[in-house]
Amino acid sequence: MPDVTTPSPDMVAAGQPGPGTDREFTVRRRSQSSLVLRRFLQHRLAVVSLGVFLLLVVLSLFGETLWHYKSTDITDDLSVAPSAKHPMGTDSTGHDLLAQVLAGTRISILVALMVAALSTAFGTVFGAISGFYGGRTDALMMRFVDLLLTIPSLAILITLSTLLANGGGDPVTIALILASLSWLSIARVIRGLFLSLREKEYVEAARCLGATDRRIIFRHLLPNAVGPIIVNATITVAFAILAETGLSYLGFGIKFPSTSLGLLISVGQSAASTRPWLFYFPGLVIILIALTINFVGDGLRDALDPQQRRVRA
Amino acid sequence: MSAAFELAPTTDTALLEVTDLSVSFPTDDGLVEAVRGVSYRVNPGEVLGIVGESGSGKSVTSLAIMGLLPQTAQIGGSVKLGGQELVGASYQTMAGLRGRAISMVFQDPISSLNPVYSIGWQLAEAVRAHNDVSKKAALSRAVDLLQLVGIPNAKERAANYPHEFSGGMRQRVVIAMAIANDPDVLIADEPTTALDVTVQAQVLETLDIAREATNAAMILITHDLGVVAGVADRVLVMYAGKPVETGTVDEIYYASQMPYTIGLLNSIPRLDSSTGEELRPIPGSPPSLLHLAPGCPFSPRCSYRIPLCDEQEPALLPVEGADHFAACHVADTLGPQR
Amino acid sequence: MTTEPVLQVRNLVKHFPVRGGGIVRRTVGQIHAVCDVSFDVHQGETLGLVGESGCGKSTTGRAVLNLQPATSGEVLYDGKDVTQLTGNALRAVRRDMQLVFQDPYASLNPRMTINDIVAEPLVIHHLGGSTSARRETVQELLRMVGLNPEHGNRYPHEFSGGQRQRIGIARAMALEPKVLVLDEPVSALDVSIQAGVVNLLEALQDRLGLSYLFIAHDLSVVRHTADRVAVMYLGRIVELAKRDDLFTRPAHPYTRALLSAIPIPDPRKERERKRIVLAGDVPSPAAPPSGCRFRTRCQVFRDQLDDTQRAACIEQQPLLEDRGIGHEVACHYPDVEKVV
């Protein structure tokens, strides 16, 4: 019998891969994030939506400086229909609507992003603690969340708006008010996620090594929860856009001297039949923002958690 | 293409004849050739054991025969059941054959059984899917089947739901469902892998009973060489999507002519081994099916290799023995192993 | 190998409460996972703990390390009772006693690189010096388990099952433990890979003088690696013997049935073997049978005993003791039978 190429009796060779077995890395070395990115890029609708959304953001940030009218400028053209000079027309005071829509978009997006950031931060911490510790702590914290969720949100928002901001005001206050409700659903999702993540074997392994709770939460659980956190954050942005619009429309949100798309709709609503451009342009932009964010959220969700059909070999 | 592997002509009609079956899956990273040319035949009452590790393609082969692969799979070659071609057959044809002429038992009985219907109902449904009988007659046949597979108090237990049975019992129920319509071919894909050893013994006994009751040809797919030794008449060893050795069970275990099979047999710990014998592992790991290098896929791990092994993939050729084939350039020089 | 026990387990009990529904969720029953288990692990030896699913072997392994708090009993290591330790005292003991997990796919954090995973124990216990010194130790550990240290900055999903298990072993070895609890360390691996990992574990034991508690359901692997073997059934140890004794002279009916059921990759032997097939299913651990727990499936109870003898099995729980066989058996009517 031909001699087996005996590896050295060293224990290292007890499992040393044979010659030429670096073939095991034939799958190109890819980190998790580039895999996610690749999957996202295959989702054409999401990519296009992301592009449109970013375009809107850029326009809203820089558009006003580039456009020769400011949102507060009063021109001589009163209630003019859309034309080359005023692509979105003007209102009864002579404000250029395009400039106003740009300004309003900026504020609305700003508020939405702030709401997402605040509620994600708070909701994640709350849900993480509740899900990780479980037991009585979890029961108490979740009953509190359930309680808040049963109260009609609109009622809370209007009440808060009246109490804190005299019925509306600057973007930061409105963002805080909206965030005070939107953290609830994030907390629930993260809590469920942590409840299941903490049962994972690598968490048990960390505990076995002597890791403290703090280390487990920050080093093991949170990095593995990033996916759902991001998806929830995008959902919150979509929610916040529409919520702020609704609140401002009702008159409890952004108020003069700030402007927002909701405010523009509210003001333009009465003229919808005679001067439709005052109503429909801001409305279209709102719809556009909400749609693009939803599609981006879909794409992210698919990229982070692909549904694969497994075939055993 | 194993052109040199000619199936020896037999006097009985081979029940299931697989010729040069190949299956590929398009993936993000390229085309994965899961099965690259498998040929075998099984006769009535015979047990063929297909042995291989993960990635060998053994399960994909049987799923291809049953027509259970996803739409994206590309299937080539031929599968003839009693002369009827299965590859490319219509959905209706396959649905008519599955559960009647050819049945399958899977590894996990939980997923084969519907949790919201009673066992008796599901068995009766399997009968009625292919036979025009009354519900009462089907249910009575269901109880008979449960008795055959050794479920105690079959009549009462027919009304129970899957979650009320233990793992071993569930697998026996699945076997009962598989033989409900007296199939010609029974495929068992890792039927006992998830079960405890004592339960495994019970289920293997049940499979034996099932096979005798129907005189079906049985294909047993597993990675457990001990199970195959006790059950199979013939063995097919698969590696990297291709059969590398086939023969009677004695030929494979005592006179193997393929280094992978030899390596496998040497590396598994045995219950009857003498003390202090060291295990001889096969170095390295199975290759990725994504971009197979030229030559024999086993050569990087093979201790008998010669330069030819890296250049040309060996065909499945006859070696010493009655019906013994091996895909190895140095076969017939390896000598008897036990 | 000296006869000094490095780990002593005495009367270990672990019950899991079964809670009823409703708001208050009172405890309506107990799952008797581990019932009065005692054994020693000696310095440098491998004690195999075997049994089928539900016998309580994994729970025993976790309780020994106090990863699952025991309901009662003691685990004595280095003069201390591990079950009573908490906080920093427990963390100190963790340096000496580690666990190798069964599932190589789930036991590694998918978001951490291999270097981070293996270095984590050093970081937790503030050992190993500076970051670069730690990096060197990690490379040394990876080499020790047969992996290429250059691949240290890759992620777990890029490795095969066998390699991941080696990473898990490297991680467990980072703190230089004295006792390793191995929970089915090769069950999830391909057959041809198992041998390599088993050889590695044996080599490490020889070189570093480790003591192993080797939990497995695969008796063929245990035959190869263990010095002594304990067989568990439904939460109790039913037989405890030196390795060769257990396999050539099994005395408990369950051990005999278990051994006869295990297939051997040898067609001639398989054809000649007599197989003892047990009747029925394993009883629920929430309601174990009275007296001897194995009596509901026992082939001796069924075929060979008369009614007065059976009464003993129904009423008295047999203790684990040497009844003249030469090793400990928990059976009223043990009988040696060669089944392998």
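Chains here go by letter, A, B and C, matching the order in which they are written, and residues are numbered from 1 within each.
Convention: a residue touches a chain if its C-beta (ideal position, glycine included) is under 8 Å from a C-beta of that chain, and two chains touch if they have at least 3 such contacts.
Worth saying up front: this structure is predicted, and the values here are computed from it rather than measured.
Participant: Looking at CA centres, what chain is most distant from chain C?
Facilitator: Between chain C and the rest, the longest centre separation is with A.
Participant: Between B-C and A-C, which chain pair is linked by more C-beta pairs in contact?
Facilitator: The comparison resolves to B-C.
Participant: In whole angstrom, what separates the CA-based centres of chain A and chain C?
Facilitator: Centre-to-centre distance between chain A and chain C: 47 Å.
Participant: Would you mind pulling out the distance in Å between where the CA atoms of chain B average out and where those of chain C do?
Facilitator: Centre separation, chain B to chain C: 32 Å.
Participant: Please output the residue numbers of chain B that touch at least 2 other chains, ranges allowed.
Facilitator: 54, 280-281, 283, 285
Participant: Got the chain C residues that touch at least 2 other chains?
Facilitator: Where chain C meets two or more other chains at a single residue, that happens at 160, 162-163, 196, 199.
Participant: Two or more other chains touching the same residue: where does that happen in chain A?
Facilitator: Counting only residues that touch two or more other chains, chain A contributes 14-17, 24, 27.
Participant: Mind pulling up the chain A residues that touch chain C in the complex?
Facilitator: So the residues of chain A in touch with chain C come to 11-17, 24-25, 27, 29, 31-32, 200-202, 204-212, 215, 219-220, 223-224.
Participant: What residues on chain B touch chain C, complex-wise?
Facilitator: Listed in rising order, the residues of chain B that touch chain C are 53-54, 152, 166, 168-169, 196-202, 205, 223-230, 249-250, 253-254, 263-265, 267-273, 275, 277-283, 285-286.
Participant: Which stretch or stretches of chain C touch chain B in the complex?
Facilitator: Touch residues, chain C against chain B: 52-53, 160, 162-163, 190-196, 198-199, 217-221, 223-224, 243-244, 247, 257-271, 273, 275, 277-278, 280-282, 340.
Participant: Contact residues on chain C for chain A in the complex?
Facilitator: Chain C residues touching chain A: 65, 67, 90-91, 94-95, 98-99, 101, 103, 106-112, 120-121, 124-125, 143-146, 148, 151, 154-155, 157-160, 162-163, 166, 168, 171, 175, 196-197, 199-200, 203-204, 206-207.
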